[in-house]
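After this come two complexes, each holding subunit A, first together with subunit B and then together with subunit C.
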Partner chain A sequence: MTGAVEPRRRPRFRLEPYVEFARTAMAREATYRFDVFTTIGSFVVRVYLLRMVWTALYAHNAAPHELSRRAIITYSAVALLMGIVMDIDQTRALKDKLHDGSIATDFLKPIIVPFYFFADGTGEVLFHAVLLIPATLIALLIFHIIVPGPGVLAAFALSFLLGYLVGFFLNFILNCSAFWTLEISAVQLIVTWLTDLFGGELIPLILFPAFLQNFIYALPFAAMFSTPLLIYVGVIPPSRYFEVMGLQLVWIVGLAIVSTLMWRAGSRRIVVQGG
Partner chain B sequence: MAIIEAADLRKVFRRIVRRPGIGGAVRALFSREYEDKIAVDGVNFTLAEGELVGYLGPNGAGKSTTIKILTGILVPTSGSVRVAGIVPYQRRQENAENIGVVFGQRSQLYWDLPLRESFELLRAIYDVPRNRYLENLAHFSAILDLERFLDTPVRQLSLGERMRGDFAAAMLHDPKIVYLDEPTIGLDVVAKEAIREFITRVNRERGTTVILTTHDLADVERLTPRVILIDEGRVIFDGALQRLRTEYGTHRTLVVTFAEAPTNIDVPGTEIESREGLVVRLRFDRRKLSAEAIIRRVMERYPISDVSIIEPDIDTIVRRIYVEGYQHGAVGAPS
Partner chain C sequence: MRWRRMAGVYRQYWRINILTTLEYRENFVVWFAFTFVYHGSSIAALWIVLSRFPSMNGWSFRDMAFLYALWMVAHALHNTLFSTVGEVPDHIRNGEFDRLLVRPLDTLFQAIATPGQVFPDELVLAIVTFVAATIYAGVHVDAMFLTFIPLIFIGGALIDLGINLIISTAAFWFVKVDALRWIFVQLEQEFTRYPVTIYTRGVRFVLTFVFPFAFMNYFPARYFLHKGMSGLGLPPVAGLLTPAIGIVFVALAYVFWRFGLNRYQGVGH
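Right, the complex of A and B next:
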């Protein structure tokens, strides 16, 4: 089509735009101030309800033996704390922009477009992460959650970060499917439901029957919530940290590869079919 | 020196034909039918650095498709394209640094943020030196009168304000080339005027190459000495606006108000364009008859109370080219 083959000169990579995207996303989230109250409010209500449920189960001796009553309330409270940042669909802007066609304006800019979505989502999540401070204080003071030693806390933090990345790529893949079909809300609903059930956010996975456990660990959802939470409450001992976080890492790499392939195919479709 | 070269540019869109009803949906699961739509069909043109060109055509002519190819967000089906020495779709990011784009129907500003924040973000994206950024912002604010709403979130701006913001946004990084795709669509007279002024000055003072897509002929008459006319994906005229006028604006209209209703109107050398009560519009070829001769002929035959002459406007001229098409022969797509 064109004569000589162009030497491919990649523009110098600068971090600044992506830092700005993240900062801008934080500023944007801050404009929805009402969210702050609903997030904290619903956190308190949900922990309170779960505490009631677990307390009742323990009173009737119908509770699991692996965890004490206080441990399981801690588990639920920490799970809900994690949910404050984990339940955000950071890259839904991709889906929205594919729906209304405004993705074209992002391709008009000298940026790596998927990095933009990553930065934007990170900014949004960082803003909500600020809410973790009051929510954690509430969990400590009102619900008296257990605080493990610094070694376990550090492992939990690392595993939480890995879990966050698993969730990020999972969301990104789902939002990428909007390149091909505009009807992805049903699929997203199913995935949310699977995450709730098999992620360990609501019910610790160790309470599931053995035959289900194999199936559950073959899915990425456990890597999001269950692994860091079981580290926190001490069910996963330090001797297994390497193994469980290694598995989280495997999920991240796998999902990142799928994300890259989907993004490539999807954006090729945009430049050929014109969105 | 040519800054934009498009040669034999073609873009064929393939879309799935959907048949209506459940039967159609079921059939689509097993076999898909495709339909090809030729949006751009062998377009050729070159632009010199610093030119200001009007890219004109009716809806669906292929204007936006051409612009998208030039910006690098669309790959042509065939043909070659070069913008400032770069093949845009091969090196999208690099090309993006050279260009500014305004789409009339689609804002590039960040919806939730004040205009100023959008500008700041663009400064970071394009790595504009702080001094230059402030200089440009002050300059554009003055021409486009942005000061009043710089701190208003974009979603609260009126269309005219938003468009002015979009223009400034497209120019903050001193692009070599700007593409304006129907930028005045839906704007009021004041906003249109501000934007036309801005386009003229950017082109004159900064030497920015401008392609302006429009179907508002007033834009072209005000702004662009050169026009490229496209229809059904083909260039049907490329040249000076003045030439378009002399070659196609051959017919003038005489508006006659009769003193009393004439029974039948017959003026040699004219044809009746329309008739409303006593007012009749007669079309004539100015190369064959002078206005004076026509008026004399009318007055010899009928009692009249008023006459006036309407010069052909570009709208009429363009419509005529569309209707009469390329077979007219007077103009072909220049190579």
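Right, the complex of A and C next:
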């Protein structure tokens, strides 16, 4: 027999509202049409720049045996492609709503609030994911990036998805810190620079000096960019897929736990002052 | 008389900036940390690449550190003195810009002297980095160096101001120019990081004659480091032309600004 009173605070989970949140977010992003051109334009220019940089470096030095010139240009191009969806501040709505106080009304709605942020962020990311189609075509036709076999591509796609989730939770944790301090834009930018460098987005981590490598692999950033990228260019062989993706999964679980704890502690701190 | 009034306004501008910074101390510390990590991670990236590939078209990490530090000081000088020019599009959008037009002082001067939270912390960090890089790169410091380096910094800051002013002027027509500015900031930062000899001819031409970023650091660095290889056949002495290039570029940008200002009709508030 079901109880007469359902606990008010835990709404039953239905998927539809969240799908709708994601659709709204996509439509919102689509209104910034000029950003489409700047995203694609800056992608092309940056791949072009990195190709010139790697070409110059490979011409005057002994090439590393793990990566040919073409492989490293492919690496950079794919890293920038991933950046189109990875470098988005998906859950900034949380920070914005904490700033202007509108989060208070979200708590009154019959939704699970963190899922709302996930849906909203996913919608935004999906819109940018559409840009991957022209950008990938450019990478293939103009920069002639290497395309691995279907098995490697599938492993890359899975690892990319895991990397995306690591990035999502890291982003959520940062935006959650707005519960305690409002000045987090600078901290977020700092984390972005560190991700670019220590995640292997700019320079493959295997080219880092040995003593730095131990330290880098202890950080979550490598699980975001480096793992899928090294799978793509074949530096990580199929025999190690299980191990590296398992590590990504460990990061996801760990960061999800931290996210949950922070969300619980933070949402209890909400004090609505007038308004 | 007019100049004295402007000097008075400018003094007040700095007084307000410094008082604001002192008021929001935590904010200042966080943003200084950001500046530090931003430049630190750029230099670290160069070091990592050059520890694996010791030569970039004949430039070592020591040379590249000097190249970066030259750009860093010029860029920080611009950020300290002229970053407010970049806020003009915001003022246009929210209608505040129209206020500047009816006041009895030059509009651009007023835009430059709109107080915010400007503090010369990045400039101090840049100068410290530059001194360290100069020693590290073993650049010969003589009277010539000490005379020209400050002028080169000023010229470089003026090149930055020119770009900033051109983008802000575009806001008279397009209102929202954030994306355009973001692209220029990114590209300037990435293309000034390497010696221009690694680029294709077209890119070298653009960086020398269209948006003369190469004069902020590459040409002066080539002169002081005695690098023989030339970009676009310009002699090494071209490295001392930065101040002149800066003045010409900013003058062209100012002409464009006046042109835009004369056609500006407000955004309808």
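Following the convention adopted for this analysis, the second predicted complex is superposed on the first by the 257 of 275 C-alpha atoms of A that agree within 3 Å, B and C clash if a C-alpha of one lies under 4 Å from a C-alpha of the other, contacts with A are read in each partner's own complex, and residues count from 1 in each chain.
Throughout what follows, a contact is a pair of C-beta atoms (placed from the backbone, for glycine too) under 8 Å apart; a residue touches a chain by one contact, two chains touch by 3 or more.
Small disclaimer: the values here were computed from a predicted structure and weren't measured.
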Between subunit B (first) and subunit C (second), which does A:Ala265 come into contact with in this model arrangement: first, second, both, or neither? neither
Tell me the contact category for A:Arg46 with respect to subunit B and subunit C: first, second, both or neither. second
For this session: Quick one: classify A:Phe208 as touching subunit B (first), subunit C (second), both or neither.
Result: second
Exercise. Now for A:Val187: first (subunit B), second (subunit C), both, or neither, which partner does it touch?
Worked result: second
Touching partner for A:Thr24 - first (subunit B), second (subunit C), both, neither: first
Quiz item: When the two structures are overlaid on chain A, which partner does A:Phe107 contact: first (subunit B), second (subunit C), both, or neither?
Solution: first
With the two complexes superposed on chain A, say which partner A:Ile257 touches: subunit B (first), subunit C (second), both, or neither.
neither
Next on the checklist: Just to be sure I read the superposition right, which of the two partners does A:Ala154 touch: subunit B = first, subunit C = second, or both, or neither?
Outcome noted: neither
Worksheet item: Regarding the shared-chain residue A:Asn61, is it in contact with subunit B (first), subunit C (second), both, or neither?
Response: second
Subunit A contacts subunit C in the complex at 34-35, 38, 41-42, 45-46, 49, 52-53, 55-58, 60-61, 64, 183, 186-187, 189-190, 193-194, 196-197, 202-203, 207-209, 212
Counting only contacts in the complex, subunit C reaches subunit A at residues 26-27, 30-31, 33-34, 37-38, 41, 44-45, 48-49, 51-58, 176, 179-180, 182-183, 186-187, 190-191, 194, 197-200, 203
Residue set of subunit B touching subunit A in the complex reads 13-15, 65, 68, 71-76, 78-80, 82, 86-87, 89-94, 96-97, 99, 101, 103, 106-108, 110, 112-113, 117, 120-121, 124-127, 153
The answer for subunit A against subunit B in the complex is residues 1-3, 6, 8-11, 14, 16-17, 19-21, 24, 27-28, 31, 101-102, 104-105, 107-112, 270-274
